[in-house]
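Each of the two complexes below includes subunit A, the first together with subunit B, the second together with subunit C.
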Partner chain A sequence: MNPLNRLDLYKEMVRIRQYESRILQEYHADKKPAWDIGAGLIPGEMHLSAGQEPAAVGVCAHLRKGDAITAPHRPHHFALAHGVDMNAMTAEIYGRDTGLCHGKGGHMHLFDPENHFSCSGIIAQGYPVACGQALAFKRKGTDHVAVAVAGEGAANQGAFHESLNLAALWKLPVIFVIEDNDWAISVPRSHSTANASNADRAAGYGMPGVRIENNDVEAVFEAAGAAIDRARAGEGPSLLEIHTLRLFGHFEGDAQAYRGADLDTVHDRDPIPRYAGVLKELGELSDEQIASIAAEATTEVDAAITFATSSPSPTADDALLHVFA
Partner chain B sequence: MTSTDTATRRITAAKAMAEGIALEMRRDPDVFVMGEDVGAYGGIFGSTTDLFAEFGADRVIDTPISETGFIGAGIGAAVEGLRPVVELMFIDFYGVCMDQITNHMAKIHYESGGNVTVPMVLMAATGGGYSDGAQHSQCLWGTFAHLPGIKVVVPSNPYDAKGLMISAIQDDNPVLYLFHKGAQGLVWMEKNPRSIGHVPEESFTVPIGKAAVAREGTDVTIVTLALSVQHSLDAAEQVADDGISVEVVDLRSLVPLDTETVLASVAKTGRVLVVDEDYRSFGLTGEIAAVIAEHDPTMLKKPFRRLAVPDVPIPYARVLERGILPTRDKIAACVTDLMA
Partner chain C sequence: MPDVGVVGIVANPSSGRDIRRLVANGAFVTTNDKVNMITRMLAGLRSVGVSSALSMTDLGGISASLADLAKGPASKAWPALDFVDQDITQSPADTTVAVHAMVAAGVGAIVVLGGDGTNAVVAEACGNVPIASISTGTNNAFPRSAEPTVVGIAAGLVAIGALDARDVTCRAKTLTVRSGERRRRALVDVTITAHASIASGAVWDSSTVREVFLCFAEPHRIGLSSIGGHIRTVRRGDPFGLYLRLGRPTVASVRVPLGPGLMANVDLAEFGELAIDRTMTAVTPFGMVAVDGERAFRFDPDDTVNVTLTADGPRAIDVEGVMELASARGLLARTALPP
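On to the complex of A and B.
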């Protein structure tokens, strides 16, 4: 378990938020006059993680190079928190040849083998893969761990259940993270899930489970630290359910009519200004620092956008490459 | 977009298919809908537009993300006499529920010696062209057409979208209804004018297993389906300026396949191009070639020609995706080449 560094947690959350905010802006900027999902420099679907920073930052604070993460269709926060290069990631989102995957994958298929990071768009299917990575680490005799990230909707998919049993049975060094942001697109948890907490399901599968409320980055930090220590010590898997907040829509372009009154208070529950307030209260963050941290994040994100937009695109024939090694 | 003039009102394919479901739900209390975000949201691609408002949560059911669970539940409900319309959000998600589809939904009637029926519609969104990447852009009708026991229908326009849905619900067999996202007429996608059209308000059927000649011609036959019908019609208009007369056969169904209409057209023109947004090898294009060759290969004045997605996963970047899709320009170029 790494020692708590509040300023680092805050900085990383701000960095991620600045990134998501900028992508939001750029994504919409050139889809006018009539909105067309396939148009613009960033085409296709876009699932932003604003509001869910505490989950990524609290967990990744304990991870080292060589630890693996499988993330879902909403991956940016975990990617950035785990050290994926912002320039290469952004170039991939822009479909450029300098992107992580030469423009083949896009925002839902970011693969960074150097950081053992991957994501995919099929719900819950990163769970078995993380189990496999954990299996490999165990067989190789390292104390690396795998983190599997999915949403609360994913916990009703078969792969979730198979993975939990497998990990417990084989005592795999994997941490299952559920980001409960209340909504599976338009379906609230109350309409999809019989259990009030996936920590209860974890117990059913033979592993410790914890549910963290209030999108509290320090509570995530603490619980994740314990789970990761457990895994590194060879004691097997754990589950962390983090009640977090989806600040934007499920995807960009989602009018969120289904969300009703929840939308009225969503910005009041933004975890970042709240944490800034906590740190200020503790005397660990000044207004000057808030400004300089924001500026630093802006500079880094601006550079990534510039890198991406000035990168070359692949050529049409490149589409035929990389089917087989 | 709708016109208030009922005699010529124009609606999107999305609204048309939803209207087909609504008419059947009004007529038959055993029809109900299940799927993800089919309720208040109206389906991610508009397939259940306005159904929730009319029929409520009891008959339009939002499910958890449990495809094996709810597709299996659809099968069970169907064998007990209900008529479920179940949505698999993207056909690409078939991986998580393929057993229920092909080992159960498709095989129960046969395995039971004809004693048990599964009157179920499984509808799913297909197709790419808007950078949704490898796991959200596939067509896959070839895969499902290949596995015995499932009828497979693929409308290309609003009229057929409604008529085929009504036929599918009335059919006592499992019907896979694949709708191309780019042909739904969605306001948030590229505007394809042929995705909005005149659709009668009353109930009507379009026969399953019957192709349509979408455009008559004499020089080249294009055999195709879904959004590629729209692109082929556009390409046909383009090459008409060069004096080439193209006949476009809209398959509308893959299972059963209307070989008669296809062969009659090829016999007439002697030149055939199959345009398929599914993967090239081991699929629809090869099937049409086999049908022609088995019947009479001497019908062809020029070798069989196909335009399909090459055997690669669908790439994300626009230039890469355009590079592999059967676009209007490529269709026109193939036709021109066949006349050279």
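On to the complex of A and C.
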């Protein structure tokens, strides 16, 4: 388990939040007056991860080069926390040729082979892929691990169950991370899932399952460290169910009428100011540092946006490139 | 048996799911397991004539499952089941609110499904209402193991007054820890650790432990109290507890089960009896106070942490004792028994 560095955890969460907040602004800026999801510099859907930073930062703090992550349609926090280049990622979101996939994938299809990061909007697709990655690590004799991230709704897909079964059977070094943000789009877990907690499902496959409450980055850090250590030591898979918080809508443009009173308190539960308060109480963070960390993140994000918006778009001649592997 | 009596039910939806499934070999206790235990317990309650049960409400699936089952044929073997009308915060405060409601409703006993921490929260709120515990936590030092059906019978007999509660309950000892305005109560242990934050909550690593104060120390238990159990056994009925200060120079060293499947070497620099109503002050200058194995709050060098052992804890039902008395008096006999 890597040693805990609270300031690093805080900085990374702020960096991700600054990114998501800026993408939110940029995404909406040119879709008015009538909402047109296809209009503007960032066309298509957008699923932002603000509020879910503790999950990504707590898990990725233990990963190293060569470890793999598969992520779902809400991938930005895990991508950034795992070291995906912000410029290339932003260019991809903007559909530019300098993007990770030369602008042809967009925000839900960020593929970074160098960092073994991939994501897709097909629900639960990452689980079997992570099992394949973990099998490769095991057969190569390395101690790398694969992390499969998805939401609580994805745990009702067949691919989830097939993956847990195979991972347990073959003792694969994979960590299944469920980000339970209470809403599968607009469906609460109680309406879709027979189990009150997806951590319980791990029992059926003979692997440890832990539910982490309070969206607490240090609680995630501790549990993820233990799960990743277990996997590196050859002890097999684990399941981490992280109760987290979706600050924004499922997608941008989501009016969230279904959320009711939950929306009234959502910003009171923001994990970043809460953690700043904890660090200040510990004497590990000052108001000056809060300001300078925010400024540093803003500078980096501004540079990424500038890189993306000044990059060329793919041309018609490129349309048939990269279609087949 | 008269058709009377109300029994309260507290079931912690979070117990048995924490990091000790990863860092130790903590067993799973799923929501379905807890619901199953409650159905068995309810059958036990009804069998001795308890007319109704009042359950806390939770968002962890327990009360929802019970409410659903209560509409079906299985519930014919149950007392009438009602639920506390409460706002859910998904924190220990939910248990406190529920127990207050149960006490106000005049329950004759409360059955608690949880670990040491859940029982401690119930103990703070239940006053003189006897409690019977079914273990669903990780270390489970306070709740004794018992089949839920039998716990239901025992709690039911106490609730309907078939037995004098004074004959079959004993006052648990408690530890009260105070630091400034902060105050918490423990049924098993108060521990001073080197942690700087609550994080995942559990205490499982002996290298982080500095001092332990114990209500009792039984050698057949796991968890922090096992350290004391192999230094000097202290029974639940003994008029004292134990304090332990870890470190060097070592006066004693033990190897004990600090968690399920987790053995640890523990070196002690000092230990001794903690008398009832005696207050001790933690000597560790700063760190974390943990209550019944869960990190609770931080303290700094400017803070004083005082720990007091008292004998005014909850009245814990001796399930085995109840059943022996019930057998001796033929309370479950349907006919006169031959001599």
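Throughout what follows, the second predicted complex is superposed on the first by the 324 of 325 C-alpha atoms of A that agree within 3 Å, B and C clash if a C-alpha of one lies under 4 Å from a C-alpha of the other, contacts with A are read in each partner's own complex, and residues count from 1 in each chain.
Simple rule for what comes next: contacts are C-beta pairs under 8 Å (C-beta built on N, C-alpha and C of every residue); 3 or more make two chains touch, one makes a residue touch a chain.
No experiment lies behind these values; they were computed from the predicted model shown.
Annotation for the three-chain superposition on subunit A: subunit B and subunit C fit side by side. Of the two partner chains placed by superposition, only subunit B is touched by A:125; subunit C is not.
After overlaying the two complexes on the shared chain, residue contacts for A:320 are found with subunit B alone; subunit C is out of touch. Of the two partner chains placed by the overlay, only subunit C lies in contact with A:221; subunit B stays clear of it. Contacts of A:185 after superposition on the shared chain: subunit B is touched, whereas subunit C is not. Of the two partner chains placed by superposition, only subunit C is touched by A:196; subunit B is not.
Touch counts on subunit A: comparing subunit C and subunit B, the chain ahead is B.
In the superposition on chain A, contact of A:60 is made with neither subunit B nor subunit C. By the touch criterion defined above, A:258 reaches subunit B but does not reach subunit C.
Between subunit B and subunit C in the chain A overlay, the least Cα distance found is 16 Å.
Shared contact residues of subunit A, touching subunit B in one structure and subunit C in the other, are absent.
The part of subunit C that touches subunit A in the complex is made up of residues 13-14, 17-19, 21-23, 26, 28, 30-32, 59-62, 64-65, 90, 196-201, 298.
Residues of subunit A touching subunit C in their complex: 190, 195-197, 199-200, 202-203, 208-213, 216, 218-219, 221-223, 226-227, 230, 238, 278, 281-282. Against subunit A, the residues of subunit B that register as touching in their complex are 36-37, 39-41, 44, 62-69, 92-93, 95-96, 129-136, 187-191, 310-313, 315-324. By the touch criterion stated above, subunit A contacts subunit B in their complex at residues 34-39, 43-45, 95-96, 101, 103-109, 120-125, 153-154, 156-159, 184-187, 191-193, 253, 257-258, 313-320, 323.
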